[in-house]
Every structure is written in structure tokens, then in C-alpha cells.
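What follows is a group of structures, each given as C-alpha cells.
Below are two complexes that have subunit A in common, paired first with subunit B and then with subunit C.
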Partner chain A sequence: MIRYIQESRLEELFRILSRRGPLYLPLAEGPSLSFRPWSEGAPVDLKTVNSTVSAKEIFLPREEAYFCYRRAGRELALEPLEQEAANAVAFGLRACDLRGLEMLDRVFKDQDPPDGLYLRRREQTAIVALACAEPAPYCFCSLFGIDPARAGGADLQAWWHGEGLCLKALTAAGEELLSSAGELLHEGPAGAEEPPRVETGNFGLKLEGLPAGLRERFDDPVWEELYRSCLGCGACTYICPTCYCFDLEDFGHQEKGERYRCWDSCMFREFTLMAGGHNPRPTRKERVRNRFLHKLQYYPERYGEIACTGCGRCLRSCPVDLNIVQVIRALGGESR
Partner chain B sequence: MTAVNPLLPQKVTLQEIVAETPEIKTLRLASEKGIPFDFIPGQCAMISLPPVGEALFSITSSPGCREYLEFSIKKVGAVTRALHELEPGQQLGLRGPYGNGFPLEALRGKDLLFIGGGIGLAPLRSLINYCLERRGDFGGIDILYGARTPEDLIRREEIMERWPAAPDTRVYLTVDAPYPGWEGHVAFVPAYLSELAFSPENRIAITCGPPAMIKFVLKALEELNFAPEQVITTLEMRMKCGVGKCGRCNIGSLYVCRDGPVFTLAQLRQLPPEY
Partner chain C sequence: MAQDNLNRDQATARIRAAVTQDLLSGRISLLLGWQKGLFWWRSRPLFARSQQDLERLVWDSFCAVNLSRYLPEELSIEERVGILVKGCDARAFHRLLQDRMLDRERVLLYGLPCPGMLDYRLLAEAGVKEAEQMLEEGEELVIQTGGGEERRPRTDFLLEKCRLCSHPDPVVYDQLLLPPGEPRMDPASRFQDLEARERPTPAERYAYWSGELQRCLSCYACRQVCPACSCRECFAEQQEPRWLGKGAGLNENMLFHIIRVYHGAGRCIECGECQRACPVGIPLLELSRRLAKDIEELYGPYEAGMDPEAPPPLLTYRPEDPAAFPEK
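The block that comes next holds the complex of A and B.
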């Protein structure tokens, strides 16, 4: 059964959903849009495609402390920190955001040992997917068989219709979200049983046409040219839904403090710098190659799928246009 | 399902800390039940000392020792310096074991040639003692070990007394340059290896040491006609998580922290040369 809510009453829905636990929504922060816990009056933007930073940060936050320590003399106490993830709702994820989560799931959930921090957030968060009414010029998710109107793995599918949102439960958790909203929701309008179809581009690329045999092309001269413009700023890795490198650090003093995990970037020199000064990926050439081969060869070899969702974020955000489409083209991955 | 956080260390106590050389100390760690976890030779563990952080080390004791884990640690940076300054009774964090460890089944019945340099003896020592505890399962054991000076040789009691006295076991020690009071061999490890000219027949060579040494050892073994499948080495990359997730230690699609650190030369040749 399709339910419906007027756009003007969404604030009331957010109020109800946020009573259960944190409600993550795309919130505007200046020119940037990212998934943040909603609070009364927060600048929600459910229209813009796509959030600047991907939805990965709901499950793999930019930073999170996971234990605190206390030292007294020779004694050390380690105390795990509780997460605030309970009964969260993530609202407004796009189909490509959900595909990104599938990629992270393989690493953090399915590969042994599972990552407790990620898993707890994942299990305790209901996901409301939002169909794209109109793709952005950078979108090319269709290349990876993603239907922007139908997100795999969501609990609820939402789509714009007239002056409001249609809502369709896909799981029991989705049903529960709908019933918690009670009177606020109306019966869906006639003729709106499914989200409307949306076409996205593919930049003239085809999945079968993507570069193969990359194992043999590690020393291809193409890498020698490609990396030169890279600034090593790391922006691409922070915004990308399929980048997940992290660092572990201590914050505190001798007696007391915390250990936290935070995003890191393989585009930084220090990432692989070893004691003694040796660095297996010493220049931007090795680092750019490693990042793109991770997407196109290493991740697929290990987990069976290309680690790109076609979300277009690197096309929009890399200051020198060293994005995945350029790299695929440079490697000869044209369909024409 | 509530999964535990694999990044959470458990608490262990430093039982003993012994200076091996000016730069290397051996630490003995134990939990209340003795060894905090089972492991196989070649595996590693992450030692934590907040607020300095954590670092990965090979477990150098043998799995046969149930009372404690030993680590030989070279002072090179922040964590290792802090660990060197500790006194017995200090509590620390520990998590592991990590990595694949040595392929024990493939070594069974073979003659074993261990080639170590400096701190590189640490992972080899765990395997050597493991083999000596099951002497009948393995053929002859030859151990070639070298360091810059005699002062830099670690585990003196074992390399000079216990191992040479073990059945069908020979130890060859060498130092880089003549040194007052040193009457043993003087040569770089790879040169001594070529000189000793071991036959590859039914033999597996296992080597660990500084990258420059490994490079020339591999070359020397090739010249002695060891096949790539008969040569085992360990790789070192910067590590943080130890469980194949933080993305730091990959070489191609392999993660050294879980698919390694032990590789045969045949496997290494399949990898991009990015280590």
C-alpha cells in the first residue's frame, strides 16, 4: 500500500521519526550537503542530487572514538565506548548510496571478522531510499545497472509525486516506520503505485567495454601521464561512497584519553610511509594508480564487483578532473 | 547479532623486558590465563600503549610456550621507543593474532634453511623452536643468521648454545665487518649463503630481514637453483587494522595483514612490485 505525505508536513514526519533515535537527513552546510542527524529547523534538502559527501558516513563516521583508556602507575584500564546508533533512521539515500553500502558491507560486515562498530550501525538503522526525480549531469549509475528509482536494500522507497512524497514499505521495518507516522500519512494518489522511471547517462561507456586485463597493465605508460595533475588533496576519497580507508589514533594524555578511528586517504604520502622512511607508494603516481586499480581491479578481484556506483561525485569535486570516467577512458574503456 | 569490535585490545601484563642489543628489547606479555590467544609461527599481534598508539610485531615465542608471548622489538619510532622504556608489571593492550603464518604442512618432512638478518630473526625464531619441539617432523635444520656487529645479534643463548646443540641442526653466524673479539665469520648474509652453497634438494628456504638483504638472498637462492616455490619470505607494510579493512597494507588485491605476511617467492612474483 502506498502512503503519501505533503511536502509542507515533512517536518512533522521528521519530528516523529527522530523520537526513535538519530534521524539522518541530507542537511545543507553552506554549499555542501551531507547526511547529519536532524534537529528542529535543520536545513533539509531532499531535492539536490547528490549529497556532496556520500551517505557512507552514517555507517562509517568521519571519526568515532571506540574505547577510552585510563592509566595509573603501571595499570591500564580499557573501556569500550557505547555507540549512540540505536534505532536510527537514514532518510533520503539514493540508489547509488545503497549500492555503495553493498560495497562496504562486503568489507565490514561479510568479511571475517565483522567490524563491530559498522555492523551495529548497519543493523540498527532503517533506510528510507529516495528515488531521483531528475539525475544530475554527473550521474552515470546506469553504467552499473543501477535504477535510480529503485534502491536495493532499503526498508522504504520514497518518491516525489506532485507536492509531496509517496512512501512504499519494502520490509517489516519499513512498515513499522509508516505505522509510527499514523495520521500524518494519507492514502497514496491513484496512478502512483511505482516511482516513475528515470534515465541516467553513462558517458558513452559500457560495462563490457570497461578496461580488462589490468593485471598486465600495472606498468602501462598511461599511469605516467594520468597522475601528473593530481594535487594529492584526498577530496576524491572522502566523498566517494566506495572509499573506506581509515586510521586509528589516540587522543589524550598519559592518564586518560580515547582511541578513535577516522577517515584516512590513500592519496596521502604518510598513508604507507614506514618506520625508517621506506614508502612502497612514494609518489602520486603510485597512489593514483593504487586508488583507481582498487576500484577497477583489486576490489573486483576480491569481492566480485567494480567498486564504483556512478554517483558522479568525483566528476563534480576533483579540482583537476582526475575522475573515474577520465581514467576509464584513458585506459581505453570506450564503448564506441 | 552483536559482533565484537575486532579493533578492541585485551589487557596483558609485561612480565619481563630484556635488552638484546642497544636497539632491540624482548618483551614477555601474558594475560591472566597465560597466552591470550593461540597462534601459529609467523603470525603477529598489535601491541597498544595509549596515548602513544599501537604497532604490529611478530610473535617470536613458539606456540608451544603456553605461559607468555614474546616479542623482540627494535626501537625505530614513537611506539617502539615507549615500549623500550617500560618496566615489568606494566599493563598493555594486545590484539591478534594476525596474518597467515608459515605454511606448516608444506614444511613437514623437508630440510629447512633459515636465513635471517638483524631483527628478522624474530618470526623465524618462533618457527625454529616450533620445529625443534617436533624434531621428528622435519629434516635437517640449517640456520644462517647475521647482523651488523656481534653486538647486534639477538637471542645469543639460543643461537650460540641451544640451537647448535639440537639434533641435526647447524647454526652459521656472520657479521658485516671485522669486530674486536669476534672470531666467527665475517661477510654479508647473502655472500655467506652463496659460499655455503646449500643444495635445493628437498629443502625449503625461509628468509626474513631488511629489504636489501632479502633482495640479495633471493638472488643467491636463485643462483643455487632453488625454485620460487621453495623460497618463503615475509613482507612488511605499514599497518593499522590488521584485519584487511583499513586499506593500508594492500599489494594489488592482497592485504599483507591477512593474506600475508608470509609469501612464497612464487606468490610474490604474481604481485605488483609495490612493497
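The block that comes next holds the complex of A and C.
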């Protein structure tokens, strides 16, 4: 059954959903858009495609503490940190965000043992996917078989219709979200049983030969050209929905502190810097190659799928316009 | 900007002709310029080594990337590098020269007076989706929208770094390829907008900058793109001693940005690449310009990157320099 809510009443819906726990929504921060816990009056933007930083940060935050440590004399005590409230809702994820989560799931969730921090956030968060009414010029998710109007792995699918949102539960958790909204929701309008079909462009790319053809291309001269303009910043990796590298650090001093993890980027020199000073990826060339081979070869060889969702964030945000489309083209993946 | 009545295609052809000659004769072994990017509103750096490469060269309203940043590394590979310089690229060149990051004799500068580069975000807000919807006619943009044709001043659509630029014409070159343009602003009054947005108390300043910096991703794009950031190893990534935690909390972000901007005080050429590069749109140019303004108030008029013989105020000592912290 399709339910419907007027756009003007969304604020009331957010109020209800946020009673359960943190409600993550795309919030405007200056010209940027990120998934953040909603609070009264927060600048929600459910129209712009896509958020500047991907929705991965709901599940793999920029930084996250494991535990606190305390030392008294020779005694060392580890104290688990207070867990965040359960029953979070992530609202407004796009189909490409969901595909990105699938990729992270394989790395953090579907392992033995799974990653506890990730698993907890994943299991405690209900996901409301929002269909894209119109793709952005950067979008090319159709290349990866993603339907921007139908997200896999969501509990609830939402789509714009007239002056409001249609809502369709996909799981029991989705049903529960709908029933919690009670009388705020009306019966869906006739003729709006499904989100309208949307397709993105694909920049003329083809994926045949990926990843198999890349094994022999590690020393291809094409990398020599591609890395030249790269500045060596980590913008692409931090906004990317499928980049998941992190680092561990301690914050504090000998007596007291906490151990946390935070995002890390293979574009940084010290990412592979070893004790003693050796660096197996000494220049930007090796680092650029690694980033893109991880997407196009290493991840697919291990998990069976190219680690790109076509979300277009690296196309939009790279300050020198070096992005995965350019790389796939340079590697010959362009249909002529 | 009326450029000798040359349109951009003709200008591009003139530039291409000039640099082709030098590349073919071996006067330079590499040319740093721009080529079309993935979208019509993007131009990306071009590293041209052949005539074939030069066919991709463009000079249009989207050549925002400051190319001088690439010079130190390219000069470690190439014998003699040619580079196209706008006003900001030229001042960045002076910055690098003054910081002894490059050898003047091994660089050939082709000057391009800059009309200012356009910001796609502003164009999109005005309803421009395709290149065909936007026509440049001198100082005006002719925009086709559903409702018809609209004429708007080109300056309405400039990147902020270009809107605030006080020297669009290159301040150094070996050869000027296009005729000089009209200045867009008087350098002496370049901080007027900051005065209008003064935040008088430390509490207000702290609140404002906390709000902006809390979303910093620590991606370091601002540092990587900066022609004044020349440390071989940035304090932010030094392992021993460890100055800065790797987390993305407000404390780390603020410490990083304060140190970054103080390192640039009196040296920053105000090219605004930090702000353009920032993926989350932090107004970093304002931060740098606030310091530039302080420097002027403390040490007298100074614009970094204008004259390589004029040392930055904080790198010199004069007995009459103010000694006390100003009371603000």
C-alpha cells in the first residue's frame, strides 16, 4: 500500500521519526550537503542530487571511538564507550548510496568476525530511500545497472509526487516506520503506485574488459599521464561512497585517552609510509593507480563487482577534474 | 572584457600558434595549459609535449586551475617548461620564485590577461544547463531559459576568487599573448567587503568559524592546491612529533586551518584556489584575506606575489615594526 505525505508536513514526520533515535537527513551546510542528525529547524534538502559527502558517513563516520583507556600505576583499564541510541533512521538515501552500502557491507559486515561498530550502526538503522526525480549532470549510475528510482536494500522507498512524497514499505521495519507516522500519512494518490522510471547517461563508457584486462596494465604508460594533474589531496576518497580505508589512533596521554578510528586516504603520502621511511607507493603515480585499480580491479576480483556506483561525486568535486570517467576512458573503456 | 575583438576561439588559436612554435623548436619541452574537461563548464590542466597534445589546448571561461602549482615538480623532470599564466598564476609564480621553489631561467611565461572565470553553480542557478544556453558577448552573458532570452553582466557569474581578484592581468610574463584588460577593482580597496562583514567580538568570530570549519573533511585539498604551501612535510602529517590528531573533529580542523593560514600570512597571493578546491565549500579565501588585511594594517600596504624583490612583511624586520599585540 502506498502512503502519501504533503511536503509541507514533512517537518512533522521528522519530529516523529526522531523520537526513536537519531534521524539522519541531508542537511545543507553552506553550499555543501551532508547526512547529519536532524534537529528542529535544520535545513533539510531532499531535492538536490547527490549529497556532497556520500551517505557512508552514517555507517562509517569520519571518526569513531572504540574505547577509553585509563591507567593508574601499573593498572590499565579499558572502558567501552557509551553506545549511541539505537533505532536510528537514515532518510533520503539515493539508490547509489544504497549500492555503496552494499559494497561496504562486504568489507565490514559479511566478514567473520564482522566489524562490530559498523554492524551495530547498520543493524540499528532503518533506511528510507528517495528516488531521484531528475539525475544530476554528474550522474551515471545506470552504467552500473542501478535504477535511480528503485533502491536495493532499503526499508522504505520514497518518491516525489506532486506536492509531496509517496512512501512504500519494503520491509517490516519500513511498515513500522509508516505506522509510527499514524495520521500524518494519507492514502497514496491514484496512478502513483510506482516511482517513475529514470535513467542517467553513461558518458559513453563501457565496462567490458574490466577488471580482467587490467591485470596486464599495471605498468601501462597511461598511468604516467593520468597522475600528472592530481594534486594529491584526499577529496575524492572522502566523498566517495565506496572508499572505506581508515586509520587507528590514540587521543590522549599516558594516563587517560581514547582509541578511535578515522577515515584515511590512499592519496596521502603517509598512507603507506612504513617505519624506517620506506614507502611502497612513493609518488602520486602509484597512489593514483592504486585508487583506481582498487575500484576497477582489486575490489571486483575479490567481491565480484566494480567499486563504483556512478554517483558522480568525484566528477563534481575534484578541483582539477580528474575522475573515474576520465580514467575508464583512458584505459580504453569508451564505446565508439 | 573586450580583447582586441578576438573571440575565445580566435584567442585560443593565437595562443596555440605561439606555443606550438616554441614547443617544436625545442625552446620548451613541456607546455602547461588547459584542455576541456568532462563538462563544458570545466577545463582541466593540460601537460602538452607535442603538437598533437596542443590541439587540445583551450582558453575559455573555465580555466580556473592555477597552473603554477605544478611547476616545481615538472621542472624536476623537464628541462624548460612553458606555462600559460593568468593574473593569479603569475602571482603564484612569484610566490614560488621568492620561496626558491623554481629556477626563473627554466620557465617561459606566456601571459594571458584574464576576464575572470565563471562559476557553474551560479550558471545552473540561473537556469543554464547546456553550453548552448549561454552565449558570451563581451561583458554580457546571453542566457536562454524556458522563458526566453536574458542578458546579465558576466561579472554576476564569476567564481568568488575572480570576483575578488585585484590583478587579473599577469604581473610577470616573457610574452603577452593577448591585449591587457581593464582592471576590475582598485587593489587599495580590496578589503571593503570584509569591513562590511566585520564580526567584532572574538565570540562571534569563533562561532562563525566553528560553524564553517566543523564540516572540514581533512582532505587537505586547500593545502595541496596552494602555491604558498611549500613545506616538504606538512606539520599536519608529521609523525614525530605528532602535532595534529588525524580525527575530523572541530579541534583538529581549527588547529589545522589556523596554522595553515598563519603560514600564508603576508605570503598568500589571494588566488582563492583553496576555496575553489574545497569539496565542502568552506569560505577559506575570506580567512586568508582577513590575515592579508591585518598584515596591511600592521605593516603597511603589501600585496604578495607582485614583486619578487619585495620580501613578505613577516620575513623581514624593521625597527619601526609594531611590537605589541594589537588591541582589538
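As a convention for this text, the second predicted complex is superposed on the first by the 330 of 336 C-alpha atoms of A that agree within 3 Å, B and C clash if a C-alpha of one lies under 4 Å from a C-alpha of the other, contacts with A are read in each partner's own complex, and residues count from 1 in each chain.
Criterion: a contact is a pair of C-beta atoms (placed from the backbone, for glycine too) under 8 Å apart; a residue touches a chain by one contact, two chains touch by 3 or more.
Keep in mind it's a predicted model, so treat the numbers as computed, not measured.
Peer 1: Check subunit A with both subunit B and subunit C modelled on it and let me know: fit or clash.
Peer 2: On the superposed model, which is not a single observed complex, subunit B and subunit C fit side by side.
Peer 1: Just subunit B (first), just subunit C (second), both, or neither: which does A:69 touch?
Peer 2: The first partner, subunit B, only.
Peer 1: According to the stated criteria, A:155 is in contact with first (subunit B), second (subunit C), both, or neither; which is it?
Peer 2: Neither partner.
Peer 1: In the superposed arrangement, which partner chain does A:249 touch: subunit B (first), subunit C (second), both, or neither?
Peer 2: After superposing on A, A:249 lies in contact with both subunit B and subunit C.
Peer 1: With both structures placed on chain A, which of the two partners, subunit B or subunit C, ends up touching more residues of subunit A?
Peer 2: Here the partner covering more residues of subunit A is B.
Peer 1: In the superposed arrangement, which partner chain does A:294 touch: subunit B (first), subunit C (second), both, or neither?
Peer 2: first
Peer 1: I'd like to know which partner A:259 touches here: subunit B for first, subunit C for second, both or neither.
Peer 2: first
Peer 1: Could you tell me if A:97 is touching subunit B, subunit C, both of them or neither one (first, second, both, neither)?
Peer 2: Neither partner.
Peer 1: Where does A:105 make contact in the superposed view: on subunit B (first), on subunit C (second), on both, or on neither?
Peer 2: A:105: touches no partner chain.
Peer 1: Look at the superposition and give the distance in whole angstrom between the closest pair of CA atoms, one from subunit B and one from subunit C.
Peer 2: The answer is 8 Å, the least C-alpha separation in the overlay.
Peer 1: Same subunit A residues contacting subunit B and subunit C, which ones?
Peer 2: Dual-contact residues (subunit A): 247, 249, 251, 264, 273.
Peer 1: Where on subunit A is subunit C touching in the complex?
Peer 2: Within the complex, subunit A contacts subunit C at residues 29-32, 34, 52-53, 62-63, 137, 203, 225, 228-229, 231-235, 237-239, 247, 249, 251, 260, 262-265, 268-270, 273, 315, 317, 319-323, 325-326.
Peer 1: Using the touch definition up top, name the residues of subunit A that touch subunit B in the complex.
Peer 2: Going through subunit A, the ones touching subunit B are 66-67, 69, 71, 74-76, 78, 80, 107-108, 111, 113-117, 119-120, 123, 215, 218, 244-254, 257, 259, 261, 264, 266, 271-276, 278, 280-281, 286, 290, 293-294, 297-299, 301-302.
Peer 1: Report the residues of subunit C in contact with subunit A in the complex, numbered from low to high.
Peer 2: 37-39, 42-45, 47, 65, 69-70, 121, 129, 212, 215, 217-221, 223-225, 237, 239, 245-249, 273, 276-277, 279-283
Peer 1: Spell out the part of subunit B that touches subunit A in their complex, as residue ranges.
Peer 2: Those in contact with subunit A are residues 1-11, 48, 50-54, 76-77, 80, 87, 89-93, 211, 236-238, 240-241, 243-248, 250-253, 272, 274-275.
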